[in-house]
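What follows is a single structure, written as structure tokens, with notes after it.
Chain IDs A, B, C and D follow the sequence of writing; residue 1 opens each chain.
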Amino acid sequence: MIYLDNAATTKTGQVAQQAMVACMEECWGNPSSLHTPGQRAAEVLERAREEIASAIGASAQEIYFTSGGSEADNQAIRSAAALGRRQGKTHLVSTAIEHHAVLHTLAALEKEGFTVTLVPVDESGIVKVADVEAALREDTALVSVMFANNEIGTLQPVEEIGRLCRERKIPFHTDAVQAVGHVPVDVEQQNIDLLSLSGHKFHGPRGVGALYVRRGLPLFPLIEGGAQERGKRAGTENTPAIVGMAAALKEACAHREENAARERKLRDQLIAGLEQIPHSALNGDRERRLPGNVNFCFEGIEGESLLLLLDDKGIAASSGSACTSGSLDPSHVLLAIGRPHEVAHGSLRLTLGEETTEEEITKTIQAVEEVVAYLRAMSPVWRQLQKGERAYVIQ
Amino acid sequence: MIYLDNAATTKTGQVAQQAMVACMEECWGNPSSLHTPGQRAAEVLERAREEIASAIGASAQEIYFTSGGSEADNQAIRSAAALGRRQGKTHLVSTAIEHHAVLHTLAALEKEGFTVTLVPVDESGIVKVADVEAALREDTALVSVMFANNEIGTLQPVEEIGRLCRERKIPFHTDAVQAVGHVPVDVEQQNIDLLSLSGHKFHGPRGVGALYVRRGLPLFPLIEGGAQERGKRAGTENTPAIVGMAAALKEACAHREENAARERKLRDQLIAGLEQIPHSALNGDRERRLPGNVNFCFEGIEGESLLLLLDDKGIAASSGSACTSGSLDPSHVLLAIGRPHEVAHGSLRLTLGEETTEEEITKTIQAVEEVVAYLRAMSPVWRQLQKGERAYVIQ
Amino acid sequence: MLYSEKVMDHFRNPRNVGEIENPDGVGEVGNAKCGDIMRITLKVEDGVIADAKFTTFGCGSAIATSSIATEMIMGKPVEEALELSNRAVVEALDGLPTHKIHCSVLAEEAVKAAVKDYYDKNNITYDPKIFCGLECGSCHHHGE
Amino acid sequence: MLYSEKVMDHFRNPRNVGEIENPDGVGEVGNAKCGDIMRITLKVEDGVIADAKFTTFGCGSAIATSSIATEMIMGKPVEEALELSNRAVVEALDGLPTHKIHCSVLAEEAVKAAVKDYYDKNNITYDPKIFCGLECGSCHHHGE
């Protein structure tokens, strides 16, 4: 199996698994308990908090553990909105290409009386700093711009947007779920006030994430109950998963540069290979993208059948993002970069990992070529394109 | 170490750990991905859903996985409240002894315009069905009564309250976090519409739980985003933990009766032993309590010092519940059963597990006797009681 | 698996792929914007469907439903082909995921459109009601 | 650990537990409702604290702060004992968790109350301001 869906999830690495099992065996107490097993768990919990903090240039008291990236996004946005509401600020700014955890939370807030401005992106999938600036208002309560897009891998100008927000004292959130462990992230340098991350995107465990909240910025709970996480997130702390996530992130950061360099090289080989396919186009910026992300549109075919046939050939890929697979609408990200509906349906995302080899890339190029040709042969759209009865969207 | 804090958390059992590791090794794909690794994960996820459902007499489509008991409680209550609001119903009924995940959510809703009635309990810690009935109004949107109390272990008349609610078409939620896997739970027979459970209370993993929602009852998401859990709970599914929880629950249910019988016997021995200590009193009902729960008040001493000294003797216990350890207020549950503040501060919770032995119980009785005597010897309150300068609260 | 073995079989080994030259009836439904287009061509001999071929732009189940639909109408009198229901297609495939049911509707519509074309070309009169709904396309099935 | 080793040492091996018979000064602060009561008794010789003992109803840090407070005032002139601050108690214990700081306040107050009692019994005049706040108890520190 050639696994090229690392943006959907990564395999929990041995480092993380061992840390989890050790924690379940040795430090399984409830960290809120005062007895020795509880306090032993509290210690490993706080050590993990320090490790996560240091990986993003934060301090431990600024880290709140959550059940994953979605919860972190929801809490960050709802909390900033609640704070804004108290100050009479009910305008929220974000982009058209955010993850649904952000977009749907914004949509819910819109129903609750907030006004949302979604800044568009250019055809390479990058938001313009000036566009964000133009969207800011006196009553803007939050700006949320993702660090790296999960579909097309584009890296956003987070540092500059953060600076804008800092100057205007507007809280700035970034969904860094796809970035942390893969590209340099530093909340200080990048002027970030709120940041979401998720364990399973860097070979850590599933169902655990963290929200960074700059010291001094109020945080409201999304899940109410016990006094865990300094009263900001109730629920018995998931110590084994937290410890596993910290171990995985430490490992990812230790090898970040070498992994990124390897992936970038393979990524560019893959892009070069797929570009040989006629009427294909890379989605997203060629340079400013995640080291492991490749995303293409192929004219005349549809993505699901493409990925199912690749699966038959032993290649695990995706079309759009995993969590929208139940939907029939084409990717909002591809529409946002200007791909027409019919082409947006024909997308393929291949996301590399540390384990990806050059041989796998060669095989993948070959397989995609074959499958695209096969599907085009049975596509009425492709026939029309070839007969000139329909105009090519991708030249 | 004699571990008598199983209500705070249980050790993740071998059954659950092995299921988790197997899942992380074999079925680690994202269940929303269409490729083989994803679909393999989707299959084990759905099998786990069926197992959890069958353990509580539900069907698989009625189970939504969450990050634990707190999230399930929050979502159940907020969802029922949102539904009520649409129907012009803004009255919520619960009890004075609920877990903070319930009480704090209700308090938050109160600020949002809901009216909350907290029904009191009698001195044995059990809510009267007639009192719940008297609290119901035309505009009652939800009744939430916990199945078993986490501090004093009392079992509530869930089935009868469920029947009342059913007759009046009021959604009925029960926080069954302490009950599932320990006492018989059947959503059909017990007339339950919404039920919360949490993996780590029956030797399953931490950070995973489930919300049962009766078919036909609308459910609103607490965490927005991807289309996971049929659009009701966003976030990449925590398959390894879910599979681990299902395995643990299956195991717990398979041995439930024998475990309960053993624990009940040891529990009663422990109660009998501790009652020998002068001016001590059992909290909660003697019969209608969890098989593993023992909770005492000792006059003239304070609980934290008691449990720290027990810890020094190798016994892990708790005073009040684990997640309120940061608080200085005495337990709301002990106050609700009529213990005055000064006595409520002197409580000790000992919660047994499958591994608890008779020898451990004997040692524990001995140790508690010693520690209580030691602390009383240095307590000014105890001196006053003995000199008759202060009246005993517990005879 | 998302799809039944039957769906995967028809997806992996689609029957009757292609385009009949000088067909007696052509039906094309769906649109590329919605992500599925099905085109069915028919050869009719003595009122019986002697051959049927399809081309499809669409997801796995779109390909599978077109494939099985051509199989199901082959050798049948055209009036019987008209009775092919999306439900029959779903059953023949051992089920489809809920959000893919619209593919079976599309397959039914493609067959109907091809038969209508055959009727029209041959001046065969029919009750227009039987083709009611064909023109609406299927986009509204997409939950938009 | 929740508590420093120093706290645990004073909790496990409390110094000066007990009640001095015929004490020269007695201070009792806190109340059982709030979960802590500290009682300190003093023996004063030539204006110097010759002996100090405590009894405490309370949590681990309440016991530890009482213990160390008696140690810290022992052998000191009473005026110096009056200068014992809760901060000094916290420092001597290598810190206390935030929600336990009130225990150190209680220890400071218990010492002050005992000295005040000594002053009152011996008709020693003092500026009442130095005992200001003593009567309020410590319940308001509990975040109620």
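Quick note on the criterion: a residue touches a chain if its C-beta (ideal position, glycine included) is under 8 Å from a C-beta of that chain, and two chains touch if they have at least 3 such contacts.
Because the structure is a prediction, the values reported are computed rather than measured.
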Other chains in touch with both chain A and chain C: B
Inter-chain centre distance, chain C versus chain D - centres from mean C-alpha coordinates, in Å: 89
Centroid distance [mean C-alpha coordinates] between chain B and chain A, Å: 35
For chain B paired with chain C, centre-to-centre distance based on mean C-alpha positions, whole Å: 55
Contacts with 2+ other chains: residues of chain B: 34, 304, 308, 326-327
Sites on chain D at which at least two other chains make contact: none
Touch relationships between chains, expressed as pairs: A-B, A-C, A-D, B-C, B-D
Touching residues (chain side chain D, partner chain B) in the complex: 11-12, 14, 17-19, 28, 32-39, 55-60, 62-63, 99, 102, 142-144
Chain C - residues contacting chain B, complex: 1-2
Touching residues on chain A, where the partner in the complex is chain B: 1, 3, 5, 8-9, 11-12, 17, 20-21, 24, 28-30, 32-38, 67-71, 73-74, 99-102, 104-105, 107-108, 198, 200, 205-208, 222-228, 231, 234-241, 304, 307-308, 310-311, 315-319, 321-327
Residue numbers on chain A that touch chain C, as the complex places them: 300-305, 308-309, 312, 326-330, 340-342, 345, 377-383
Residues on chain B engaged by chain C in the complex (per definition of touch): 34, 39, 42-43
